[in-house]
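One structure, pasted below without further comment.
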Amino acid sequence: MRRINFINPFGSVAYDEIIQKTLGHYCADGTEMVVTHLENCPPDIDFFYNKHMIEQALYEEVMRSEETGFDAVIVGCLYDPGVRVARELVDIPVIGPLEASFQMAANFGYSTMVLTDHRKAVPYLYDEARLRGQGNTVKGIEAIDWFVKDMIHDRAAVARDVVNLSATAARKLGAETVIMGCTIIAAIYQEYLMEGGKPAEVPILNPNLLALKMAESLADLHQKGAYTLARTGFYMKPYGHFEAEFKRARRIWNASKPDFSSQ
Amino acid sequence: MRRINFINPFGSVAYDEIIQKTLGHYCADGTEMVVTHLENCPPDIDFFYNKHMIEQALYEEVMRSEETGFDAVIVGCLYDPGVRVARELVDIPVIGPLEASFQMAANFGYSTMVLTDHRKAVPYLYDEARLRGQGNTVKGIEAIDWFVKDMIHDRAAVARDVVNLSATAARKLGAETVIMGCTIIAAIYQEYLMEGGKPAEVPILNPNLLALKMAESLADLHQKGAYTLARTGFYMKPYGHFEAEFKRARRIWNASKPDFSSQ
Amino acid sequence: MRRINFINPFGSVAYDEIIQKTLGHYCADGTEMVVTHLENCPPDIDFFYNKHMIEQALYEEVMRSEETGFDAVIVGCLYDPGVRVARELVDIPVIGPLEASFQMAANFGYSTMVLTDHRKAVPYLYDEARLRGQGNTVKGIEAIDWFVKDMIHDRAAVARDVVNLSATAARKLGAETVIMGCTIIAAIYQEYLMEGGKPAEVPILNPNLLALKMAESLADLHQKGAYTLARTGFYMKPYGHFEAEFKRARRIWNASKPDFSSQ
Amino acid sequence: MRRINFINPFGSVAYDEIIQKTLGHYCADGTEMVVTHLENCPPDIDFFYNKHMIEQALYEEVMRSEETGFDAVIVGCLYDPGVRVARELVDIPVIGPLEASFQMAANFGYSTMVLTDHRKAVPYLYDEARLRGQGNTVKGIEAIDWFVKDMIHDRAAVARDVVNLSATAARKLGAETVIMGCTIIAAIYQEYLMEGGKPAEVPILNPNLLALKMAESLADLHQKGAYTLARTGFYMKPYGHFEAEFKRARRIWNASKPDFSSQ
Amino acid sequence: MRRINFINPFGSVAYDEIIQKTLGHYCADGTEMVVTHLENCPPDIDFFYNKHMIEQALYEEVMRSEETGFDAVIVGCLYDPGVRVARELVDIPVIGPLEASFQMAANFGYSTMVLTDHRKAVPYLYDEARLRGQGNTVKGIEAIDWFVKDMIHDRAAVARDVVNLSATAARKLGAETVIMGCTIIAAIYQEYLMEGGKPAEVPILNPNLLALKMAESLADLHQKGAYTLARTGFYMKPYGHFEAEFKRARRIWNASKPDFSSQ
Amino acid sequence: MRRINFINPFGSVAYDEIIQKTLGHYCADGTEMVVTHLENCPPDIDFFYNKHMIEQALYEEVMRSEETGFDAVIVGCLYDPGVRVARELVDIPVIGPLEASFQMAANFGYSTMVLTDHRKAVPYLYDEARLRGQGNTVKGIEAIDWFVKDMIHDRAAVARDVVNLSATAARKLGAETVIMGCTIIAAIYQEYLMEGGKPAEVPILNPNLLALKMAESLADLHQKGAYTLARTGFYMKPYGHFEAEFKRARRIWNASKPDFSSQ
């Protein structure tokens, strides 16, 4: 059995249910997936200051996941927030849905693109595509122009926009598939399909789903001793003096962590 | 249960056993993997004329795999021979170990490289890295300078070369991990590890293993209706007149297929 | 005198005449060009399975061309089918019209693009542009959306589409010239010009013509001992054991080659 | 008069003096530069967890700089920590020495490279070079293999290593200049030069100095109303609901900020 | 005090006044900027033959600038005419406004583009963007389709076109800022702003201004001994025999220089 | 018959004979090639100031070539000096040996590199490779470290260096062929071969030869009305007012052209 923690990196319970609802069906035999969210951080991640504060809370949750026996974690936001830093901290696989989507996209079509929520995210994703896209096959990034906090309240409108805008964007950019560039939009669209909605004309890749599959694969390898992260460069872990310093920093942060529960 | 056909794209039984031996342990619960090889084609794939003739035989085997109920196929050679053409022909996932390795490599380290068998393969893999590698993180291609047909008979020497040359090559190119650029070398090295051999200094990615995990993931999605290949461009299927023509061509090939059993 | 074999890589006589008619005029003094086609393969190349089967037949024709004293061969399709594999097999120059067009395009304008027949070919040509285009000056690929087998029967419509769509596409992509991305469209357009048709607004590069000139150049160098292909890497020839194996494979294929003449 | 805050993004006073000493001489007429450091964060930045925690403290310092009338800030570490997020928060220019060095390097030679402190930083800087380097003229990244906390205590050895390794690395990579890839190494080398040390054979770019000049330029433009950051995409500021949320998050962080002064 | 020569690389006095008028306000304390133009060359630079002849005259002016004590020169045209050759000739900084704009653009927004005067310049600037743009953030080049000699006589129309076309072009290309791709258009637009004109919707970068700031920075470094150009490669100076030859060539050119004053 | 002017872009007769001697043998039937050099310019082109002055003289020679009935010109130096500007001026093909070598290299091997004369040329050629090289297959640039004026007097040493250094450089860079990066070195090496010298281990591409073949091809097309340069962008010709201005500039230059014959 493999245990996977799908962490919604938002200081809000609002998105947990829809993720569980739309993803649970696709778990492989032997997968136990829990969907959690964060405390001690803002409810939304759209702006970078919030993203940064959320990531600090996320690192704790990732480390706790390893300590409590999870075999892999998924960070459930298309910014892949904190994914690479978190890998410095734990030995279990840490999966970002954007990276997983870029990695698996070529199995679904020759080329792809990202249709994200808001246009502030477009340049960020463009950089990610350059650093992590496969070959030159990510044809571009477009935005549907919704913020996450609004879309959860008007799911029908979001699904309708996905259906219409994904085909238009794919045609404009010459992409054969579309990565749904927001985990919540992806879940809303998946729910729409589960309720019998008509699919978009272009194949839409659900990043939650691809992250789940990548997490299962790496969790298996991890359990069988075949997953090790290179620790000689980018993912070098603090050692000696630096390890002590890291532990102190973690302790201090936990002692003083921001309290978002109060008004 | 998912059924996966690992096809050794060689007209030879010589490599089936070692693949089964070194890969079976890593199958997930619910995976039934069979290891097969081809008929009606040359025994080796090192030169491009042979590779082409092998691919023609491979297409038949891939189509037969779909017809007999496999959920995914793996084409077991680092040239990923015929992988993209085969996707034109069937609706089940077709996995190439090189592509799967490029896709999953970032989970094992910031950057990677390929250490292949013979130097004839180096430029071919360099092109593949450009078309399918992630970002700019494939640092280069080096060769260990063995041909497949020789290495199967001197496995200890091959494993020794892998251990020594992978660390040297990674240092030279500044790569954090090494993709073992030949499915047979990878299997030999895996066998060496299983027999207690000391691992190389640098993390070595076994492409067979990564192909297996990618195949399991996509087989699951396929079984649950979440795997569809875009058919509007590169992977468009023959239709109308072209479908009839394709069926005739296949029939003719099968009627006259080269007989490699004699001599 | 230099002898050049322009091979139409189709199992059909349908295209030979128009190539001869539209290309003969441009042969240099001392060039003898014959236009041939293939047997033992499908009539069309649009889908990749057919392309593969055609290439197998093509290799025979290329090898026979060398054996019968040709100084160069041209493979007359914009996929450049089998060009690189064929170079493994013979010592005479093997020319692909797409590669020749990419190579000579900068002499006709700062930048170029490809206007191909059908949209299935677009991603294939995009990869070719990346691997073989000059600098970053291939601005993109567009399709005119005809299949080869249809266009030969409605040449006026094809020529009209070329005139209209090439200017539109060049403007859209910011390209100064257009490579006509199909040898048959190119021939139809050339015939249209020979019959007094009004040229497109943008300079159109005829890949047949550029392939012919490249073939003449390399044939000359070959005759004077100044053409040798590097055999140490990508184009290494089978040797020793592998040469014997290659000869056997060729013999077996010839003994059993598919018979497309029958119904 | 322009006021510039050079922030050492370390929770330590150890580096302030050497920066002031080696940079003050180069201030233009009318520049008042203060060198500060951070509280509420770890003393070193080498590992990414620390870097993240430092950045959170840095944002406060950057916002305070704007509130107290600075015309520009420099974030004094070659990771350019927090530079892009900080630009979301303030309207004064925020300068990163790595980005400034990439931007100005072409004035010092055709090509450049980065010689950084420790090899963990190499892949990080490689990504930065791709995202922010000019053309293809950043030839690579090498490490001198010192951690910042050690080098401050053995300055002579550091300067000696700079002199020797920069020439070797530039020759190896074919770079005409070397960006000193650590603000503290750069300061130590500058101090060595001020004390009469013999310069390295290859021109070494001091990122502190280039950041200072860039800060002066942008501070001038800011004072004269000619500096505005595009707020429509990447640097969009929180507005409406998001602005309120941002202010609350900042308030909460300040109320609970980690206390690094205690044991 | 730093002395800067802003050279209008045109054989015409027509543009000096507007540059002085629109740039003087932005000089830092201690900057003395003079605006000059060339003799012995054509009045316009739009076509490459003229550009070449202008560059020959420019080299003299750059060398004279160094000889008469200027601390930096700016070559005031977006072709950056002669900038790199001029660096071979003198030890003071030579600034091109296009390069300076590419270098400083990231301080004004995530991405940029160039809006130039005439479409002949578009491919030239596209090459420059590839060789000298930062990262991949120059999104493209568009033309406003005016020639310099015409625009000076209809400034209102030029300013109106800038306001309208810059927003359109930025939207089309997905650029967050626009580099005004002609020093004279930039000056006309600046004058329009100074006379109370409403700014364009997208931030427009004035290359004259960015060149001025870069010149001031490098002039300061030059005065304090911290500016040296690498002389081991691209910018190697003629020495020994070659120095004598260079001096003779310069002498001969000065003795026979073209006389453009006559009819 | 096609007439080709091979222009040695040096103000010296020193190189004409060796070019004629080593190239004449390869002319196709019907080719009349003359080898000329320039007046009114320096004897050497190694430094950029000289190169610029030489180019001005070259434009005259190119225009005169068209006026006197040549069908194509070759500019015989690996800098391809003035090639692109010259295309603005005439309607006959203008061939640069570097560009022709990049264009034809893939016919001789998978990848290539340039081995040039002096290291000052290395970065210049690196830029050219990026702008004009095919795909990513130009593996790098190395220098043999001779200046042209010296090598003509010690041909044996030059040939020996070519033989030794080309193999070393190709191995280091992983290139399958070597473009001899100097027309004079290429001629010296060709002469050495003609005198029975043992070839280098790696195929060496003679740029003179490839330029000749490209010139013949384009001259043929030009004669038959199939060569036209796109005049809508980069190669737009001066028209209207600009044409008059161009003619005046040319007239003035001719009236005052530098006199290099005198002491």
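Chains: A, B, C, D, E and F, in written order; residue numbering restarts at 1 for each.
Methods note: contacts are C-beta pairs under 8 Å (C-beta built on N, C-alpha and C of every residue); 3 or more make two chains touch, one makes a residue touch a chain.
Note that the structure is predicted; figures quoted are calculated from it, not measured.
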{"item": "Centroid-based (C-alpha) most distant chain relative to chain D", "value": "C"}
{"item": "Chain whose average C-alpha position is farthest from chain A's own", "value": "F"}
{"item": "Computed distance of Cα centres, chain E from chain C, in Å", "value": "46"}
{"item": "Rounded Å distance between chain C and chain F, as computed from the means of their C-alpha atoms", "value": "29"}
{"item": "Multi-chain contact sites of chain B, meaning residues that touch two or more partners", "value": "110-111, 122-123, 130-131, 135-136, 176, 232-234"}
{"item": "Every chain pair in contact, whichever chains are involved", "value": "A-B, A-C, A-D, A-E, B-C, B-D, B-F, C-E, C-F, D-E, D-F, E-F"}
{"item": "Residue ranges of chain C touching chain B (in the complex, touch as defined)", "value": "42-44, 46-53, 55-56, 59, 82, 84-85, 88-89, 119-120, 122-124, 127, 130-131, 147, 149, 232-234, 236-238, 241-242, 245-246, 248-250, 252-253, 255-260"}
{"item": "Chain E residues within the chain C interface of the complex", "value": "122-123, 130"}
{"item": "Residues of chain F that touch chain B when the two form their complex", "value": "110-111, 135-136, 174, 176"}
{"item": "Residues of chain A that touch chain B when the two form their complex", "value": "25-26, 28-30, 93, 95, 99, 102-104, 106-111, 130-136, 176-177, 202-203, 206, 209, 213-214, 216-218, 220-221, 224, 226-230, 232-235"}
